[in-house]
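Chains here go by letter, A, B, C and D, matching the order in which they are written, and residues are numbered from 1 within each.
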Amino acid sequence: MTTPTPSPASPASADTASLAVDMRSIVKAWPGVVANDHVNFEVRRGEIHALVGENGAGKTTLMNILYGLIRRDAGDIFVNGKLAHIQGPRDAIALGIGMVHQHFMLIPVLTVGENIVLGREPTTAGDIYDAARVRQEIGELSRRYGLTLNPDDKMGDLPVGLQQRAEIVKVLYRGAEILIMDEPTGVLTPQETTELFHVLRGLRAGGKTIIFISHKLKEVLDISDRITVMRRGKVVGHLITATTTEQEIARLMVGRDVLLRVDKAPANPGPVALAVEGLTAASDSNVPALRGVSFEVRQGEILGIAGVEGNGQSELIEVLAGTRKASSGRVLLGGKEITNLSARAIRSRGISHIPEDRRGAGLVLNYSVADNLVLGRQRSARFAWNGFVLMLNAILAWAKRLIAEFDIRTPTPETRARALSGGNQQKIIVAREMASEPLVLLASQPTRGVDIGAIEFIHRRIVAQRDHGVAVLLVSAELDEIRSLSDRIAVMYEGRIVSFEAAETPEERLGLLMTGGGRADAAASKVAG
Amino acid sequence: MRHLRFRFLALGVVLMLAVPLVAACGSTTGGGGTTTGKTIKVGLVTDTGGLNDKSFNHLAYTGLLKAEHDLGVRGDVLQSVTQTDYVPNLTHFAAQGYDLVIAVGFDMQVALGQVSQTFPNTHFAIIDGSPTDANFNPVPRANVLSLFFREQEAGALVGTVAGVLEKDQKTPKPTGVISAVGGQKIPPVDRYIAGYQWAAKMADPSIKVLVGYSNDFTDPTKCSGIANSQFGQGSDVVFQVAGGCGNGALQAAGQKGVYSIGVDADQGFVDKSVIVSALKKVDVATFDAIKFIQDGSLPPDYQATGEAPCVASTRSCTEFLFNLKNGGVGYAVDNLNPLPSDVQTAVTNLENAIKAGQQTPPETVS
Amino acid sequence: MNALLIILGLFKSPDVYHSTLTYGTLLLLPALGGVISERSGVVNIAMEGMMLTGAFFAVVADLAWHNVWLAVLVAIIAGGFMALIHAVVSIRYHADQIVSGVAINIVAAGLTVFLLNQFYGVQEIGSVAPQFLIPNIKVPVLDAIPFIGPIFFEQNLVVYIAIILLVAINIILFRTRLGLRLRAVGEHPSAADTAGINVYTLRYGAVIASGLLSGLAGAFLSIGLSNTFVPNMTDGRGYIALAAMIFGKWTPLGAFAACLIFGLGQAIYDNTSIIPISPYFLSMLPYILTLVVLAGLVGRSIPPAADGIPYEPGNE
Amino acid sequence: MATPSAPTTERTASADTPTPLSRVIAYLRPMGTPLGSVLFAFVVGAIVVVATRGNALLAYESLACGGFGIFCQNGENTALQLSNTLVFTTPLILTGLAVAVAFRAGLFNIGAEGQLVMGAIAAAVVGIKLGTWPALILLPSVLIAGTLAGAAYGGLAGVLKAVTGAHEVVTTIMLNYVALWASRYLIIGGPLQAPGAFNASPPVAAGAQLPRLVPLNNNLLFGLPQSVFTAYTGIFVSLFGAAIYFFIMRRTALGYEITAVGQSQRAARYAGISVRRTIVVTMLISGAFAGLAGAVVLSGLSHSLVDTYFQDTTGFDAIAVSLLGQNTAIGVVLAAILFGALHAGGQVMEADAQISHNLVFVLEALVLFSLAANFLRTFKFRLPAFGRSPTQPAELEAQDVVVGAADEPG
């Protein structure tokens, strides 16, 4: 048996028997990446324990190991003081561990009841599914924890908040004593988050142990009792919530003090570059996602769109970029209507787009860096003769120029984009979209999942674009990013711009607006609606 | 599982290397038996039906085996997968210097016309056909021997059996309806059916003869389906002229409790419902062709009227005709043995009349 | 016009219904296999090959041992074995399931003829004697019912078995715990996995079940409806079964309805002796009908969400 | 539906550190998987042969003899065997390209056979009905007619996919049957039946026929009459097709877009590529290659439209050809030569080793299994030194990966 290696910040000594979970020296490596490097992780019974770290720090891997979804390469797991042999979720469930995943593990075509009891279905003779008992048992659980659900509803018809509730009931139904919540608030509105925290506290009062994975420090400080911080696959700190501060956690998470402000000169806005009037559009599931959005972006300014994810920001950007059709309203570029033109036409008219899904949309991962640097412009006169025959030399020259200019760290222009780090992948997109000298730059989550160095680089570049006279529309889930980059802020809520705010607006006010509160000056939404 | 597979791989490699060493010691060639003439090499090319067609490809091969045994020739076979294989397969044997290359089936006429021109010094034989040019017009080739059969004569004999039984109401469900299932509407098939129809109507003028085609020579379910539908129309005797496919018709008759008639070979063993079989001795014809090439001996009464006689010394001949008279076609009594006396009498009478040239069954279905 | 009247005339006799049920059943077994396999999330276009393998080994075993039950068992196992290959390659090795299915179909077509030659040389494989074929069963009393009796109660044993399997599989799929889990695995394997359900076991089971059913269909074809094996004797029936499965929207009853439609087509085709239409046109109809369905002209057909996607744990 | 991973080795070499050795490896690496798969197939095939009491070495020797005219036991003529291989290879290159271009766009065209038949039908109609035209116009017309018919037929599956979402695998399977029955209808009792023939059309006019490589006469060449060498100039059409494929995929924006759609539809949409249009265009190109194959065979080899109902497997072999060729032009040509040689060799194997030519299909399927399952990859992961879980996710998108780390598995 391995003895746990003492970590730099050793945990507050606890009686082993009082530990619900004790993971010792866990190692998990993928080729080229060590996701968990001798991680020690202890959770006391009956506490809410926050596991924090940046995207990619190894939190989810660690929890997937605890839940049996991933096999560890080395290390031991003790549950309630006993060495646990976890080969799969089945073992974890038997040990009283339940997990609510970031991406819900729900099956839309099945009913709520079927989803909840899946894997532990009550049956009558002959393996027949006992729907009556399912209703009764879920009814009991719902009453006990105040989590109302109708077992006969089709899961796919429920809103996100209720789906998460079903996930929690699902875990409780399995008799879980230890609940792992992986980024549970990412998809929730602040109200739903408050409600969730209420439920979690109730569960803690009922003796359950909760592991709360998050990178949102305010929430962590609000809900947790103790905190474990991870960075780059290693545990870098064990903290007690009551005695720590946001800054301390942030410093541990990123390894140095986070640069919160971007140095930039005051904006010097020119004429209106992009104007949006009464835009409406439907989401993929065909429900209204944009309910009348109007705004203007001027040359040389950055308009930040703040909002909880899922309030129509993605759809707005897609409509502007031409990958989604607007059902009504107009988009004007420099006074000329471009509504519902094709993505190619819009791009050729001078709108660049840094998409939120870097690996899925912004890059063809199996293409070379050079090929990715012309993605979307493969038919432009610059790279293709008559828009058809590629001019490989021109592409290569262009690639070499951008690689140098944007410091893309790649062995050769022919290297596949897949082989590059996230930051360098993002730089490919940023380089491509900025180098084509656009009139308007749509930047959606431009620094998500990117290392600090690349974040700074990208932020500087966005500001440089603004100073160059480009109209920038910035969408980000990070309020800090919005506040430090934007010259003006538009707050989006439920498919509408509910308010335009100045860059200096306090975070609290933005938070309120983002969640549908503080509509004192709802004039904007009236104009929009 | 994992280790097992590795072991299998290792085993495979070892076997692959070891086996040829063993086998190299015992290379096999055809032969044995009583050798009567010089050893010649005979290549047989099947049509796309393949050797297991339970029909003429198989019978031709049986004839080749007999020749290997009795005549001491060396025989090799190539099965064609597609029609485009015919030319390369025929060419293969001709280029290898085989003395006789036999093409089995009507389908190979064009290919044979082409290859026999390329190899004018190689002997060729073809069953059920004659060489043609690409436009399907017959072309004379001195080096090609056509093996034709008077299928209509065999068809007429079994047609008489069916017709007389029907007239006598001795069939399982006397309805005055009989039927035939053909593999495809091609001359060798239609000659059978033409004779069958003609003779049955001669025996019982009120009889109704249903004719269906399966468009398939191999799949028994196709023919059993067609036979079943004919039984539904009242037929209680079915004549199969569809090779392996037709076996399904025989089987269907057995299940329905009606009579069936086999084709080409004696098929009494296939199903108890088979009362008689129409015989087409492709095996005999194949053997005769090989023997002719080997020693120049001719089958009895092989010659059709108007054909020039064969020249045994140069092996020059264009056609062997197999008919009732020379025993190349015929019939066999199977599971209705003996036949009712009036049936037997009618069959024998017709047989004699055809042999004597007094009756000539038609070649085409009316 | 005349042809139409003749075709309509066929419906007066029970024969055409009888044939429809027989042919429909032959398609139903692999179609049910397809439903089970694809409901578990493994695309299966290999029923054709599994059926062919079953058909071959049924005849081989029947000729060797003169025992029809043993032959049927061997056919089922042979079909299951081909399915196991598909399962290992596509589940264990995350192979593309269509490539694997194509390979199964090619290997079945090649291997059966190869073995035919190796086992029987260039001799004939021979025919199975009638007493060693899967028997037709007349249900006493019921078969005497006019019209209905000959259609439903004078069928091959396999037809009865298939109907029982149809009912059973429908219940299992939609009423039992096993069925719920199977559907969950096919819709969202990660969700099932995290609920403690063994995704691999269920998928292996489902794919192998499809092979067992296809193997039984093969036996029905070669030693039930026929009495011998001929190369490629399935003649696309596995593909028609695939079409029936899609036609039937991945449900057993829907697939059965589609199988009956295709079976009716075959039953009408059998009457080519009296129908004055090119049989080749008739042969095209089932495929064109399927295309029409696929084109969405007769309602869309949506596969299980995770159909065809290899499951790799921990990879959402 | 997962589409087969089609490595885009043609666009991007995976050379990360350009030392001379790694460059050599980088060039050889794309060959590793296909060669390994072929080796795997032959080893397992040998086991099958041995297990059924056959002589594996003799079988393979005669295969090699039939395919390439080497290791011959019975004095087979090398030139003749090579000519036969070329005959099989000619359409396989084109159908292989047809399947490959579809694979590039993430589409699985099982319908190459049907498209080939449609191409042959169109070519036959033109070659027969317009037979009086001068060869200079007629021959190109025949080939173009076949190409267009195949394109239309493939495009039909593409339109169904793009408009209704009908899966191309199922639609193309159904279209195969429709095409084969249609051709049967035409030549058996239908309008194209030749007088005197029962399941064939008349031959196309002489001016519609692709000439042979060696003139059709009985002068001796390599010890045989020249007319035995059926290899025809269709091979140049096929190689020209491969060159066009290479050009489209590597040097045009269209090829760039087709591959982008195959790699990531989201990225394609983002890049302003119409995914639906690209699917339709891809299937048009795919069908065009297959249709051209049908026209080439008709014009250069069979001359008449004949009944090929599932006896001809060119359209299905194409799947193995394109996968083995890794969807690259040169790869497809090499794989087509291999499979052409196997088919040509099957004939000799049957004659000399008494092993059914159907072993070739077993080998083909084994190659497919090996390529699809990528057994070789798993072998590599099982090397003891790695000590990693074999169920390593291929994509780390959703994984908790430390950002900034270089070199993810590709």
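Basically, a contact is a pair of C-beta atoms (placed from the backbone, for glycine too) under 8 Å apart; a residue touches a chain by one contact, two chains touch by 3 or more.
Quantities reported herein were computed from a predicted structural model and do not represent experimental measurements.
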item	value
Which of B-D and B-C has more C-beta pairs touching across its chains	B-D
Whole-Å gap separating chain B and chain D, where each centre is the average of the chain's CA atoms	37
Inter-centroid spacing, chain C versus chain B (mean Cα positions, whole Å)	34
Geometric centre distance via CA averages, chain C-chain A, whole Å	46
Distance from the mean Cα position of chain D to that of chain C, given in whole angstrom	29
Touching two or more other chains - residue numbers and ranges from chain A	64, 70, 103
Multi-partner residues of chain D (at least 2 other chains)	184, 188-189, 356, 391, 393, 398-399
Per-residue overlap in chain B, given as positions that touch at least 2 other chains	77, 215
Chain pairs in mutual contact under the definition given at the outset	A-C, A-D, B-C, B-D, C-D
Sites on chain C touched by chain B in the complex	13, 15-16, 19, 23, 113, 116, 120, 122, 124-125, 127, 130, 133, 136, 221, 225-228, 230-233, 235, 266-267, 269-274, 279-280
Of all residues in chain C, those that touch chain A in their complex	175-181, 183-184, 187-188, 190-198, 305, 313-314, 316
Contacting residues of chain B [partner chain D, same complex]	2, 8-9, 11-13, 15-17, 19-20, 23, 48, 76-79, 81-85, 87-89, 91-92, 94-96, 106-107, 110, 114-115, 117-120, 132, 134-137, 184-187, 215
Chain A contact footprint on chain D (complex, rising order)	7-8, 11-18, 250-254, 256-257, 259-260, 263-264, 266-274, 387-389, 391-393, 396-410
Chain B to chain C touching residues, read off their complex	50-54, 58, 61, 77, 179, 210-213, 215, 218-221, 224-226, 228-233, 244-245, 247-248, 251, 254-255, 269-272
